[in-house]
């Protein structure tokens, strides 16, 4: 099992060193919240800030979300768990950040928990990897020999549903949406500002939380994240009304992997699948 | 007047209220409670700490239609929406939330700026306040004590309810409540023991402590005003903020809205829809200029509005310490901590 | 609020037979913003056109909807009509109720109902249309041709003859390209030099051609009609304006370099012209082998030069030119066969590649046209191995197309010049050109041995040193053969010039898997590229023989001419643009555009579209997640509105 | 009798279904036949095998056993045909119904009954070790996978001991597999018994999973290739020589004994070389040993010749004059080397045979690279070793 | 009254729209349920157009583009193929009948194919019945 205290220490040591040596100007990691069960995303900018860094099983935040907030060229150190590292890779692919401006602090971890339910969420809402895909410094022992959590296993139940039942399920879930947009705001890949749904020309949908607008917002967002979602589960965790958005994102990710033979955020050499094509793509994917 | 009913018979009370009008009460959703219009009395569920969304939507719905019109047709043909309301019962509102209605009245129901929709709803509604269960632990996010509100404050309710073991005691507070309570024959008469229990409960409510820091509204208003330009402070406070709209949407005191026109197949509707000062496009001007593009500016606006500008303009803090924004925040931003930090800044 | 006029055409009975046109006009009149709706027998007739123009004025219309035949038929006609009445042509909407309604149904109810829906969609869309203006740009009349092989020479001459000024850029010190290395050309066996050198001379003499040899394109800016090119003139160390080509320098030069022209079979001087017929006939100094550059003294050439043309201080210089169109004809290289160790190229002196053999046959070549090998002997038996590195997953998948034929040519020349036995080891014999099959037939009669099987390995005989053994299976008899020969000729894969990658990058040309330049359309636009105003010709587009190369060169010249023949050029009006306030900087548009129209402004962190490059397909608008791209005339609002109108009834 | 044949496309389809999909890509250029080491000495014609397979022509069974899966043709094939897969599939489709050659029957039988090709008692798999070396447990880093051939074949047992002893010296943390494992099944797969192969594979994988194996060292290049390409488990696998070469480079193992100028040559096993692209590691070990004069044979590295032991060849009888190992030993002799080195137990077996039948025992000695290294490390494997490979 | 579906067609200008015209020129008769929007290239189709079409009450959406390799803009339809395939998977997982969205490559010379596809697709949508899931209830 992951030694959270050890990682926290390493995180502090490395953050302190990087800031002290002037290698980075900000360290994106996790900090104290109003109590222990409520840590916060944290941006340490001075050596004094390092003291506030924490790491525990509730540090679900995908810090890659904050990368685009800093001006281009800012030297940033970022703490990443497995899925988070994929987000960083995806952002590098999309040229939102440059590899050379990042010091990636990898956190291999097992046993992250949902703070609301206390449930372990390694595979259910996140991508099922334990070790970061890309890092410069590893802050703990890589997790090996553990049964790989299968990220798409949770889908079976929904795939097996009759389409009408599935529609009913999603209609009910998506109609809960209050359009607070926490999902897109928590998502490291949703960096559009403005989001299409905020546009008035064209106005894609109503602003009120009603079925048509909710559907347009979510279905389009699923498409915008197709082949880009790195399955960190942050959208679902952020959702105040507990819409299982992760299920839909997982499904789309799975389909994209099957159709285009590429998994999001695994290599900085890749190109996002929906702004790419292969002549030999099969027409079968349209059936 | 004090009456009572067994909590397990609450659906009977609900059924009676439904006969009299519209009943809004907490119902259980997948992982939370929310106020909803009741169609099945069995659904009323009082086993909640507090609702996810505040009860403000009872008077200020997320979307309020004003005008219906046809594209290409003269304005004179447009129809204004007129509310024809039945009596309504807002059942099971926590004291801090009850307090919020009073603050919201400033904006919608005060002389000079009366919103007919708010007023109509407010007048048609009888409020059943409901004391927090003082035998259960307080949620760590709550801080209504800081705003001078207590767990069992009957003030503002028409009828105030406290829980006594497996029973619910209902006490009329206003004449409107008194009249209604008298009509509710399904309820039992309370005993003198119940009376005492009720009185004690209200008293003990004062000792049921949430987080507390001494906030004088004038002091805090001034303080926040003075640190307006302390960008470092606000940047630090907002470093984690995602600028989503959860805090404002769930807040009982946020009242910002947008006016929207939606058309489909030539039929248009003009409506008022909740907006949130945390959204980037909240302050987007028609010219394309946006005075608040940064997260820190928006978070500063939210806090300043509640704790400073509102005090300056209306003499009262626009916050009741219900803890919703903190509880719901996906990154655990805590307005209480910000106020504490601001006082020290 | 707009003012829309709707004009419903009967098209005689073509439409009126299955659509109740008057009912349609009445229906139109009820739709929002429609101020006049009429039907008429033939809207495209002069009275019909005049009616529209009249009504535009009378009703002060600002949108016109013509409900008639397909827009592909009369959109241009009606655009002109409304333009002449003072309306912007893009404020016209055509509703296609003939090809897509009246002609495809027999039921007047259905036809009328569908027409109403289509018309309703048009009204919704028309209300949101915006006037558009095409931008007109000046066109530079000159053309640049990159590469002066047969393709480049032919294209340059053709353009120059029409009076256009041409810059012909060549990286070598002479023009002529590979064709100048050949002796004979298949299948007619006419002398390569005899047909090429006159053309080379024409280039030199032509007043409209500026020949830029020993030059490379180093920078390209601009777009169709207005390219700004920077050309690097590499230092020759000989001032060509002074040199009178007496070649006394070459005679005296002690330096020895490898002759690129003779495929390294022999040495040449360090100050040299590549071959006697080179154009220009002026030498250059090869810095690598020059004694002065290597050791710091010598300068013999300088001493003997009466013209004082030698200039050891010469530096690379840069020339800027402006042209309206570009033809790329950068040709090919042979693949390097050394890594294919099984064939022993570079290891056994008896193994040659095809260009080396071309030089052996050439009377101006290292052996003066005699077939003698590196050891000076005449081969008694020769094996020609086809498909070396071509049609091969491990190297190049494409067929190099000319190897079968030049291998046959070699066999013929070997037979003519030696008494050797000649074996052809082939997989498939491809002789599909004019006169090619006949040539193949002729070679069979010349007693060349054809072995159907790919050469597997070349080894040295253990018994007879210097003798080579070719191992292969004759797949017809299933026999494994060991063929003792003196000489092995490899026919290696033809690949794009190594430098073509850089050219491609400079000009924004895409390449196929093998690195050959991609044409805009494989059938219908084989010489155009995705970059407007840039054309390709010859082997840089794919392996081909001389006739095809020349044909392409002529085609590319004609294509270039269609641009530079006009002094003005109208750009597409229905282009896309970026609303910078909405751009999220994801660069999706930059990634997908086949024309390179969107570019990323790194300073502002937003995309910008160069409208001169945009073709208006709208792909960028659909991949833009924040709806920041406006595809003019097909904007999101316009399409959504039309859809809404179509679905209302 | 009519010479006409009819294409039998169902058979062709069956081959493709059995994994020989690549068959259809072949354009019959003959590069494979021209490259195949067997072509000059036998009637085996790999191109024809593919051709017969493409059309499902009868008679294919007659020459399907000729291939030793040396992969030379695959590397050269211009169409990228995975020829070994085709051969395997053809064998799989046709070897049912008594088509299996007699010599291979006992091989397959032993695999099926005892889980190893040498009819060895499964419980005695680790007997050679005499409890001197630990079994794998979760605290160990590496599983040291001993090939069945080094466990049971008396000549190759020496290899097991040499490698184990070197590992002991290396300071690595390693252990042997339990006796419940079975043969990796590589040769069995190539012989075409895909069903039995799956069984063996799953049994081994189960063991790996149960033990939480993450790193494996193999003695035999055949096991290496099988674990890498056919198993697809979540572990790293290296050949003994790769690991040892890096330890030698890091100075953790220092060869001491000087051989005083003895001439050696090295034969690249197909499964280490072409199949796994390991060419430099064994040469690096050889280069580290003092006092050796290393001579390359003409055909080396990517172009090395096959010993004939792969693809089930080890268990098949070949006539004199049709043995690749004889040719290879002659090639080694021609270099003037007195030691022929290799790094595969199959090659060892094949060459020992050839050296004996060519009566070359006095001219050349056959050694595994590990044996020579062990000698140079000046370590004695105490007991005398049986010098026979008869089982 | 039998169910007459409303089908939204989106056709690229160069191939499918021209092919549809050809169907008319050759007087091929087919059902009148498809109403076509003309765009320049199938790649112009934003997935949200399709979601919107269903919200507007389309019972089916038929998209036509050039055959892969024949795109007037060279590669537009290859991008479209990926994007539309993904759109379809999304609709399917949401619970909409996948048969309601169809993408066909129809060249300018395939008037008969256009007619056949419309005929077939209209039948298919009739069998599926009215689309009420995404349709906005007024």
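Just so it is clear, A, B, C, D and E label the chains in written order, and each chain counts residues from 1 on its own.
Rule of thumb we're sticking to: a contact is a pair of C-beta atoms (placed from the backbone, for glycine too) under 8 Å apart; a residue touches a chain by one contact, two chains touch by 3 or more.
It should be emphasised that the depicted structure is a prediction, and the values quoted were computed from it without experimental measurement.
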item: Chain whose Cα centroid lies nearest the overall Cα centroid; value: A
item: B-C compared against A-B, more contacting pairs; value: A-B
item: Per Cα centroids, the chain farthest from chain E; value: D
item: Distance between chain centroids, defined by C-alpha means - chain A, chain E (Å); value: 34
item: Whole-Å separation of chain centres (CA-atom averages), chain A against chain D; value: 46
item: Chain A-chain C separation of Cα centroids, rounded to whole Å; value: 44
item: Inter-chain centre distance, chain D versus chain E - centres from mean C-alpha coordinates, in Å; value: 58
item: Numbers and ranges of chain C residues touching at least 2 other chains; value: 592, 623, 636, 640, 644
item: For chain D, residues contacting two or more additional chains; value: none
item: Junction residues of chain B - those touching two or more other chains; value: 264-265
item: For the chain C and chain A complex, residues of the former touching the latter; value: 582, 584-588, 591-592, 602, 605, 623, 625-627, 635-637, 640
item: Residues of chain C that touch chain E when the two form their complex; value: 70-73, 96, 98-101, 103-107, 110-111, 113-114, 117-118, 121, 520-522, 530, 574, 592, 594, 615-619, 621-623, 631, 634, 636, 639-640, 642-644, 646-647
item: Parts of chain C lying in touch with chain D, wherever the complex brings them together; value: 341-342, 387, 391-395, 427-428, 452-457, 471-475, 478, 480, 482
item: Parts of chain A lying in touch with chain E, wherever the complex brings them together; value: 158-159, 163-171, 196, 204, 211-212, 215-216, 219-220, 222-223, 226-227, 248, 251-252, 255-256, 259-260, 273-279, 281, 283, 285-286
item: Residue ranges of chain E touching chain A (in the complex, touch as defined); value: 47-48, 51-52, 55, 68-69, 75, 78-79, 81-97, 103, 105, 133-134, 136-137
